[in-house]
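First chain A sits with chain B, and in the next complex the same chain sits with chain C.
And then the complex of A and B:
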């Protein structure tokens, strides 16, 4: 990027007077790709984790009489060529497809359902306590069997778009919660091991080595397979999160240890020590903060792996199971040859997963550059 | 050198024993085992003699004995080359794995070759033409490839093949060749089918390798010896390929060792499941799901052995390729 001489001088002036954080923020803002990734993530987390009930037109378990219906096209121009500013979908008629020998649904061009914003629908409780029944979009005053399925339905006639939104809640959260746990394990153990050295260090080192010698995916699978089948879905969810975190903290612990080792010898640490600071205070007040920027970058870049691990485990039938709904659980149904042939719209899940992963990668890459504001481009 | 080798080997053996023991423990963790699952199935079908049958099995496989006895028996037999019997298929694990080993190795090799053949030239190109349009395109593509998990890509490819092209890319052979003996036609048929799964499994690795190659080469190009070579009046191509790339490629040897060998079992397992390929990966995943413990244990132990051997080999190779590195 070519910057004009004037702006460059401005930059210099800024760098002298600004704090580290504002420098990071300033450099991060300049990276459009990273900001874009960040915005997508904020949107995704807000829509899927905080207000999924509002975004999804139907309740998660709302089954209809339209199993395996293909997505309705959202139209502005009807069969007679009339244009309307309000989008609409055609109603669905049941038909037997002779060639496939299967019941299919076709659009009935004589029935139009206009799509409106903010319509009343299934009742819900936002975040478990705010009651409501308004949904982002849908059919106003919908009668029985009047639905809009923008991404089709599954084998029980449940709206697939709604299921993807609700599925995102578990999948996105498992990435975040799992990563927080990894950070806790990794940074505390890494810090202790780097600070004390000796036997503690030895033990933590050998343990992380053992974890890394153990093949990654098989370890996931073996541990996940060890979750008892009769556990409640919620217990399985938390167990899976813990497993993901447990397998992955080793790498982080090593890096934190390395950083602490180099920070430990600095003068300010000696000063704090002579001032009578306790070990815990030295570690958590003086040493760990020095590694925070590094940790944040690693964390952001490894969340996609976490999300993918959940997705692939659930898809294999080793992770989450129905009645829980996550992207992996949705893939279980979508990922068979039968499903791809007859209900290919269920692959929308894959698109959503990819968007989330790409967004995290973009954000993480931008953060990595921004966290070192003194370096060159 | 000999000392170093001995120490590494000793360490590896301890690791394998530990891993095999822990994997045995993990497989034993969930309540019940393969036979209790089977018992429930048989009883659901209304089989009266189910319990006797299962008890017989239990005695036959030694599942009624204490845990440590089971483990040591299996471990001792393992050393003798007997990996136990798969409950699921009621056949020795050795035969089942052997059957699929050939295809697995072929697929892993194809993936490896594709990854390197694509990644190295692209990485070199994008390093010597830094910030050019080509570099930015390659960087973007490698970025996407790096974030693209193989099995999701496989699902999308499957969709394209089934819905749009209306043909199936499933399996490694056309129908007429599946059970046919090896012949020239069969080899051609295999090659026709092989490239799709190999390419899919290669995507993630390629993305990463391009980025690493680019970074390494950029770093090397800034070093004095490259400048010295240029100053001696060598041709640009010679400076890049003979001097810079030669050094920049060294760290990749580590990746070759630590990923290629274990990749034979673990790599592309998920892709193989989607595309229904006759490799070891799906067998292993299935054994974990069904608690088929000797099968799963054998796979994990082999995976670890390959990982450790790969690491050792790559360290030795690296020392051989780069005389500045000393092993001690």
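And then the complex of A and C:
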């Protein structure tokens, strides 16, 4: 009887009591914009980092006989005015444009390629080990020279949509991995600096000031130039990530230090101290949990900076290089007058970068509001 | 109820022998650093040669204006701040043998021994919002001192529940978070935490000044009840004189890092010996609308603890000051039995109490 009452009481307590995280989640959910940003990001990361081979209709290096083909319009109504529920594209015919003295591709309205979902295509291995050959969309039983290019092709006739998807993998991951490294450097050094103070604090602070006083681009150039040319592209990629993280941890370290300094004087920390808590207990039970929410927000809001930094470095030719494909590399290919004049569809990359960055900012803003659930109530 | 308590206390008139805490010449200076190399250019003398003692089971009120060093004194005793000088003698049961307490000097103690002492001295803090970690449940907060000292066992949850009930909370509050409570309830949680290791001395750092008046009374009554039940000694830091009078057996008045006067509560309130105490007493509001108050308006501001005046720190604001007050620091002496004062002219002056 007594035990029964006890359990009932516990159940009741569980219903009314909200932990910090559940409060944050509750408040975050109410912010539609932030949730939207979060969903976009999850979708982007899932499609581009986990299953890009499935999403992209063609392999990254799949060259075709249609270089610099303009995007095919996806149609439901054909030239005869006949409607079909299944979308289709017209086939492409090679033509010489007399005025431009250039080979162009024009739609041949007599050849229709219906677009189907889940079609067989180039073989791939998902995440490097799950074999498959099904792609999200494409032309069923495609013969030679039957293709669908929804965003055109590049100068080697490779499907540009596929390249954007594959490029997103590197660009989005560099932001994430770089940010994780920044978090490690920044929060550990910031916490140590704020907690111990004195000479340690002095050294860490002067070092971050030194780093932040250094002009970014020349530092990138110097560090990027120091990467040996004979390194494999993947090694270059990771090196670049480390460089980005190394240059950017200073700001985070300062913020964490400031937070720790203010938390250190909170009375609950003094209470634990007066009860005899060890340094480790103070750090992990009282100080760091108080900074985590702030760190997450800063991290979310600065990942776009990471992505942009990779993009601009690669665009300047200092970052990733072909055969690696990132959004920066794609933009570099698009960054000529020739490309802007004749293959403007290569600027589709910009739209994807914008979407990713705006989604991060929406998410970050929402997190910032949600992480302080006690205020404004 | 308070009368009964007072009578009971008079019966067991405490003797010198049961002193639990004896602070002698305690100093805490905070360095003022300047420039890139953090050169020390001076000190804020927050606590400057403070002496007082607390007897077992009694309440010592520590009053003074803000910035006079009362909070710092409390925190230095428990070594939240490292003392710059002086001694803090504490009669410790933990370090004593065969259950007999032993006088130990907290100011000279190493960290591991100090940790043992921390079971016997605990603190209640001022701010009910900031003194509880928002990420921890009430149960975890109250259990934390037990966990720190490795005393959290199978039946500890039962102990914590009875403690919560003792301070006026419900057992189902155990799994809730601090933000779900009102200010008064949070302060009760803080008190439960302070009691979780059965301390003998509790340093209450302005425990009621952030609460509204009706809650203040409840909390004070709770503190008094707990004192009777557990034979606790309190150091009660506050700036509200009526609160201090209500709860304290003895009161020490601090001014710019020094104790100006220390005596039994009634004695101090009725027969102050220090001009500063007199001025404070004249500021106590009377619950009588017809009473014509003769407030003593003090001249000037509180002295700067980084650059205090010469001689008696109070002399620039004292209306009885003479030449000697500017030159010599007055000695803190026992003028009447159990009535200590630091004033050159204490013998000749007749001052007005409440």
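Just so it is clear, the second predicted complex is superposed on the first by the 336 of 377 C-alpha atoms of A that agree within 3 Å, B and C clash if a C-alpha of one lies under 4 Å from a C-alpha of the other, contacts with A are read in each partner's own complex, and residues count from 1 in each chain.
The rule is short, and it goes like this: contacts are C-beta pairs under 8 Å (C-beta built on N, C-alpha and C of every residue); 3 or more make two chains touch, one makes a residue touch a chain.
The shown structure was predicted, so the numbers you read here are calculated from the model rather than taken from an experiment.
Participant: Going by the contact rule set out at the top, does A:96 touch chain B (first), chain C (second), both, or neither?
Facilitator: Neither partner.
Participant: Touching A:290, do we find chain B (first), chain C (second), both, or neither?
Facilitator: A:290 contacts chain C only, not chain B.
Participant: Output check: A:234 vs chain B and chain C. Expected answer is one of first, second, both, neither. What do you get?
Facilitator: It touches nothing on chain B or chain C.
Participant: Touching A:85 in the superposition: chain B (first), chain C (second), both, neither?
Facilitator: So A:85 meets neither chain B nor chain C here.
Participant: Return the chain, chain B or chain C, that is in touch with more residues of chain A.
Facilitator: Comparing chain B with chain C, the partner touching more chain A residues is B.
Participant: Contacts for A:354 in the overlay, against chain B (first) and chain C (second): which applies, first, second, both or neither?
Facilitator: A:354 contacts chain B only, not chain C.
Participant: Touching A:337, do we find chain B (first), chain C (second), both, or neither?
Facilitator: first
Participant: Pick out the shared contact residues on chain A: the ones touching chain B in one complex and chain C in the other.
Facilitator: In chain A, nothing is touched by chain B and also by chain C.
Participant: Flag every residue of chain A that touches chain C in the complex, lowest number first.
Facilitator: For chain A paired with chain C, touching residues are 9-10, 12-14, 16-20, 202, 266-268, 270-278, 281, 285-286, 289-290, 374.
Participant: Which of the residues in chain A come into contact with chain B in the complex?
Facilitator: Checking each residue of chain A against chain B gives 210, 213-218, 221-223, 225-229, 304, 308, 312, 315-318, 331, 334-335, 337, 340-341, 344, 347, 350, 353-354, 357-358, 361, 365.
Participant: Which of the residues in chain C come into contact with chain A in the complex?
Facilitator: Touching chain A from chain C are residues 38, 75, 78, 80, 114-115, 118-119, 121-123, 125-127, 130-137, 144-145, 148-149, 171-172, 174-177, 179-180, 190, 193, 197.
Participant: Going by the contact rule at the top, pick out the chain B residues touching chain A in the complex.
Facilitator: 15, 18-19, 22-23, 26-27, 29-31, 143-144, 146-149, 151-152, 155-156, 158-159, 162-163, 168, 170, 262, 266, 269-270, 273-274, 276, 284-285, 288-289, 291, 296, 299-300, 303-304, 307-308
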